[in-house]
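Okay, handing you the structure first.
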Amino acid sequence: MTAQVLVLLGSASDKPVFEKAKTVFDELGIKWEVHVASAHRTPQKVVKLVESSKADVFIGIAGLSAALPGVIAAHTTKPVIGVPVDSKLGGLDALLSAAQLPPGIPVASVGIDRGENAALLAAAMLALKEPELGEKLASYRKKMREKIEADDESAQKW
Amino acid sequence: MTAQVLVLLGSASDKPVFEKAKTVFDELGIKWEVHVASAHRTPQKVVKLVESSKADVFIGIAGLSAALPGVIAAHTTKPVIGVPVDSKLGGLDALLSAAQLPPGIPVASVGIDRGENAALLAAAMLALKEPELGEKLASYRKKMREKIEADDESAQKW
Amino acid sequence: MTAQVLVLLGSASDKPVFEKAKTVFDELGIKWEVHVASAHRTPQKVVKLVESSKADVFIGIAGLSAALPGVIAAHTTKPVIGVPVDSKLGGLDALLSAAQLPPGIPVASVGIDRGENAALLAAAMLALKEPELGEKLASYRKKMREKIEADDESAQKW
Amino acid sequence: MTAQVLVLLGSASDKPVFEKAKTVFDELGIKWEVHVASAHRTPQKVVKLVESSKADVFIGIAGLSAALPGVIAAHTTKPVIGVPVDSKLGGLDALLSAAQLPPGIPVASVGIDRGENAALLAAAMLALKEPELGEKLASYRKKMREKIEADDESAQKW
Amino acid sequence: MTAQVLVLLGSASDKPVFEKAKTVFDELGIKWEVHVASAHRTPQKVVKLVESSKADVFIGIAGLSAALPGVIAAHTTKPVIGVPVDSKLGGLDALLSAAQLPPGIPVASVGIDRGENAALLAAAMLALKEPELGEKLASYRKKMREKIEADDESAQKW
Amino acid sequence: MTAQVLVLLGSASDKPVFEKAKTVFDELGIKWEVHVASAHRTPQKVVKLVESSKADVFIGIAGLSAALPGVIAAHTTKPVIGVPVDSKLGGLDALLSAAQLPPGIPVASVGIDRGENAALLAAAMLALKEPELGEKLASYRKKMREKIEADDESAQKW
Amino acid sequence: MTAQVLVLLGSASDKPVFEKAKTVFDELGIKWEVHVASAHRTPQKVVKLVESSKADVFIGIAGLSAALPGVIAAHTTKPVIGVPVDSKLGGLDALLSAAQLPPGIPVASVGIDRGENAALLAAAMLALKEPELGEKLASYRKKMREKIEADDESAQKW
Amino acid sequence: MTAQVLVLLGSASDKPVFEKAKTVFDELGIKWEVHVASAHRTPQKVVKLVESSKADVFIGIAGLSAALPGVIAAHTTKPVIGVPVDSKLGGLDALLSAAQLPPGIPVASVGIDRGENAALLAAAMLALKEPELGEKLASYRKKMREKIEADDESAQKW
């Protein structure tokens, strides 16, 4: 079974953010592979994982000076999603590191600690060649809307 | 001719950022369509453009409270790229508005004023179903590397 | 009974900020209606609620990339109040999203998590055509002053 | 002729921001009165102007530690709009000073240097008791939409 | 007994910051008077307290849009010390509001939540005409140095 | 002639900020002495100047990591005023360095580039033992008010 | 036994950050000496410790307006490492104070609360003349990589 | 001739910051080598340059998401200096990216655009095994002090 999405975490401590992504992957039936691999502490491992991967989309989850998504993007022309993690400064350091890439090397940054959005964004990309995934995304949104409708119904008793 | 990428600008003043994207699109042979359409000033137009579009990828370019990419994402499950534009506060307001989306609605934010990266990210997504685009991206990177090698050669005379 | 103020919350988790507003509304006898409706997750619902409402004033309470008040303002020329909620970055992302609207679409932003001030601001607007509400606001301030006078009296024993 | 809106500027150097408001007032036929009056340098004058004014809406335009709108709000229960001006730090100091008011004293902050939005917000408030102003606001928006449509038409030649 | 320093708190919730000042005042034998008086909620009280005070130095302690020290300074030419309090955004809003005064109206801002430093700064000012206070300040510093020397001695066992 | 105020500049490039102070000193008849002396580059000189000075008030003007006012305060118990200078980051680095002193060592920080306010604050301190200076300050304020009144008169023609 | 690294803490409360450094020193066999000595509260002690030290590398650990590393650097031409400590504002004040030194006085700032990185950086410097330390650093990294490999193995069960 | 310091620039546009370093190197007689090599655009080149270099100290100069110094540090245990460059947001993005490294991989960050300080810090490190360089650094500081003394002399005529 080949993973469609390769997820790299800069540190095992980023696991809670990954788990938000995992929940989405499993709900949508997306095949994923995860590795703890740091752009700073195991750089060769990152390069090897990226270059040998058959995945269509890459996700880098990291805090502080979040170089991981940018380093992944440096070694592939496939789409790379960055998830900045709040470790210090409310995650502002990680957001700026993940988003402010130089011209030529794009990273798709989602919001701070937004693992689920990284997974949904990956799904949207994969759906470009796998139309049934687009239908699953539409269902996912429908459920989300229904959840908000239910919340709204509850709110009528506030 | 159907556009592969639909680009919306929140204001005609965002044109210079769009032009960076256009240069990349034209170099890579990607079919694009552009519209000035504001999430705040012409919201119905944004919705209509997004919902009627056959494009595979959407890009929203906007400054200040850059709601445009998030509003596009609210009306499609296709991938949406946000380009925050520096209008006030160095673009920090636009970056936070473009990146800090709520769970469930992903936007792929690139860096402040990074129109070229939005186009490259769109290309990476399109390449998932159009392999020759991946080759063009690889060539693009090769040229970029050669440019840096040339810069490095010049640097030997500094 | 027609609501004078329509309050929209981007998420049910914003309830504590809404409750500060509710306390003020009930004290001043202002008729309100509340809905959970997200600019990103249920955009059509937001538009429908706003366009069908007979309310005189609108309030949008939201965190992160707080597009809600701006999207409300995009669909009405009635006054719209934005309440940024602290979810990440101390609420700076929401404040900038709520306040930094483009020319032409005004949003009246109050401070982070300041639900009570949103309600008081709405009251001040409604008082323009309902003078007795102005008197109630004057009484409210008087009580507030008396509270501070009492605090000051306690302080004399510090 | 009684002014409907009283505009106070913390400094004569804030004139360019006021002029954006004036253009809107004159287009919508709103009667305004303007004074240079500083919360810090001429505090009594501010109090006297506010307390003696018959205006329905107040606007305070100020940079740096922009106390002016909050001080106006301290002396009236009428709606008060704050316009933070970029003088240092990109206007972040003024925005936080204008928006982060304590519970009980609401200020409606618009974006940095957004004089036109202050005027439009004042118009929306005045329209609560003057319905024809609401129609003028609708026309204003229509023109704005047409301007963006024209911009979009031009964009088709980019 | 006439107070040498008049301390105003924008809110009773600022008491912990005041208590740091009180400890210093009592240790140095400085006569103080404290009042809860808000620049926004009881502005006349602030003006009356300041204008009727015989104190030599004023201290304003406030959070959020901390207008209090600036408003005190607007009504006296005596030295005014501002103490920004952390209520939101880590106190950055209060620091900018307290420090970024316009030309002509100086406020002496100390650090966020630094009540003790406000008291020490007041003491340094009062010592200009009361030399024995300068000696007390020198003793205070000596004790502080001794405390650090003791800490350093403990550190030799780390 | 003994200087009443000793002004230290961290760099000759801070001269424009000093000149705002000088104008005030000369208008109020305050005797000043100025030195370029850096906390980082000529630390002994700073210590020597501070310890040998008979001045009643010290002012440190510096940009970047503005250690100068804090270092002055470390060597005197006289009041020390800090003037953060905008050199990078809009002066935010200098403001935080000047204001965020540890407990026990107070610095009176004024706003970014606010040399005139440093001089006025020094004057307010000196006036504690030199009452006629208080009268001069009152006159200074009166002129300032008249200037604003004149500005307001001009504004009636806007 | 002469210390190779002299570590100064601005306050005993910075001990937890120091302990991260101590663990590294002890693991690598680096001789260290620690003192609590404040740039603001015991400035002469700082100068005396620095000028009399035979250490090859200096580390200053401090929060708030973290002048300590810069003041150390002002008194030695040996390499000085700064460790900003999070005390207020998430440590942003300390980071800017530690990093934004003026031209001519370099400080090597590591990240907020990163005591271990300060020790590793000191080790890297000492290794320039003590090659076996370089080997220990290589071993340290190897262990770090093995730790991440083990984490990655665990991740395969997530 | 073997370079003692290897300087990498993320982009040829960082040249002005490099030139500040070069001036210091040439004045102190330090042998340097420079290359334009981007962590994102030519990652293999960075790795190859670092791993094959015999230099004792490395400097990475980069703007935006300044991954370069961290990536250099990931491939060597020699000391690595980071120079954040102001390209967007006043250089705050680059400073946070350069300084906020994870535990285990230290980077010595100097201030924004501070090329000269990077060179001086490298010199201080090299002086650990080359004592005459320490003397040159002492002379450099002496000249710097004399420059400030001369500035101070000029200031006596202000």
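Each chain gets a letter, A, B, C, D, E, F, G and H, in the order it is written, and its residues are counted from 1.
To be clear about the criterion, a residue touches a chain if its C-beta (ideal position, glycine included) is under 8 Å from a C-beta of that chain, and two chains touch if they have at least 3 such contacts.
Just so it is clear, the model here is predicted, and its values are computed rather than measured.
Shared contact partners of subunit E and subunit F, listed by label: D, G. A comparison of the F-G and C-E interfaces places the larger number of contacting C-beta pairs at F-G. Checking A-G, G-H or F-G against E-F, more than half of the residue-numbered contact pairs recur only at G-H. We define each chain's centre as the mean of its Cα atoms; on that basis subunit A and subunit B are separated by 18 Å. Distance between chain centres (mean CA atoms), subunit A to subunit E: 48 Å.
Subunit E and subunit H have centres, each the mean of its CA atoms, that are 42 Å apart. As a whole-number value, the distance joining the C-alpha centres of subunit E and subunit G reads 34 Å.
Multi-chain contact residues, meaning those touching two or more other chains, occur in subunit H at positions 11, 38, 41, 64-65, 88-90, 92, 99-101, 104-105, 111-112, 141, 144. Screening every pair of chains for touch gives A-B, A-C, A-G, A-H, B-C, B-D, B-H, C-D, C-E, D-E, D-F, E-F, E-G, F-G, F-H, G-H.
The part of subunit C that touches subunit E in the complex is made up of residues 86, 90-92, 111-113, 141, 144-145, 148-149, 151-152, 154-156, 158.
Residue ranges on subunit F touching subunit G, taken from their complex, read 10-11, 38-41, 43, 47, 63-65, 67, 70-71, 73-75, 88-89, 92-93, 96-102, 104-105.
Contact residues on subunit B toward subunit A in their complex (touch as defined above): 20, 56-57, 77-81, 95, 99-101, 103-112, 114, 116-118, 120-121, 124-129, 134, 137-138, 140-141, 144. Within the complex, the subunit E residues that touch subunit C are 9, 11-12, 15, 18-19, 22, 34-38, 41-42, 45, 64-65, 88-90.
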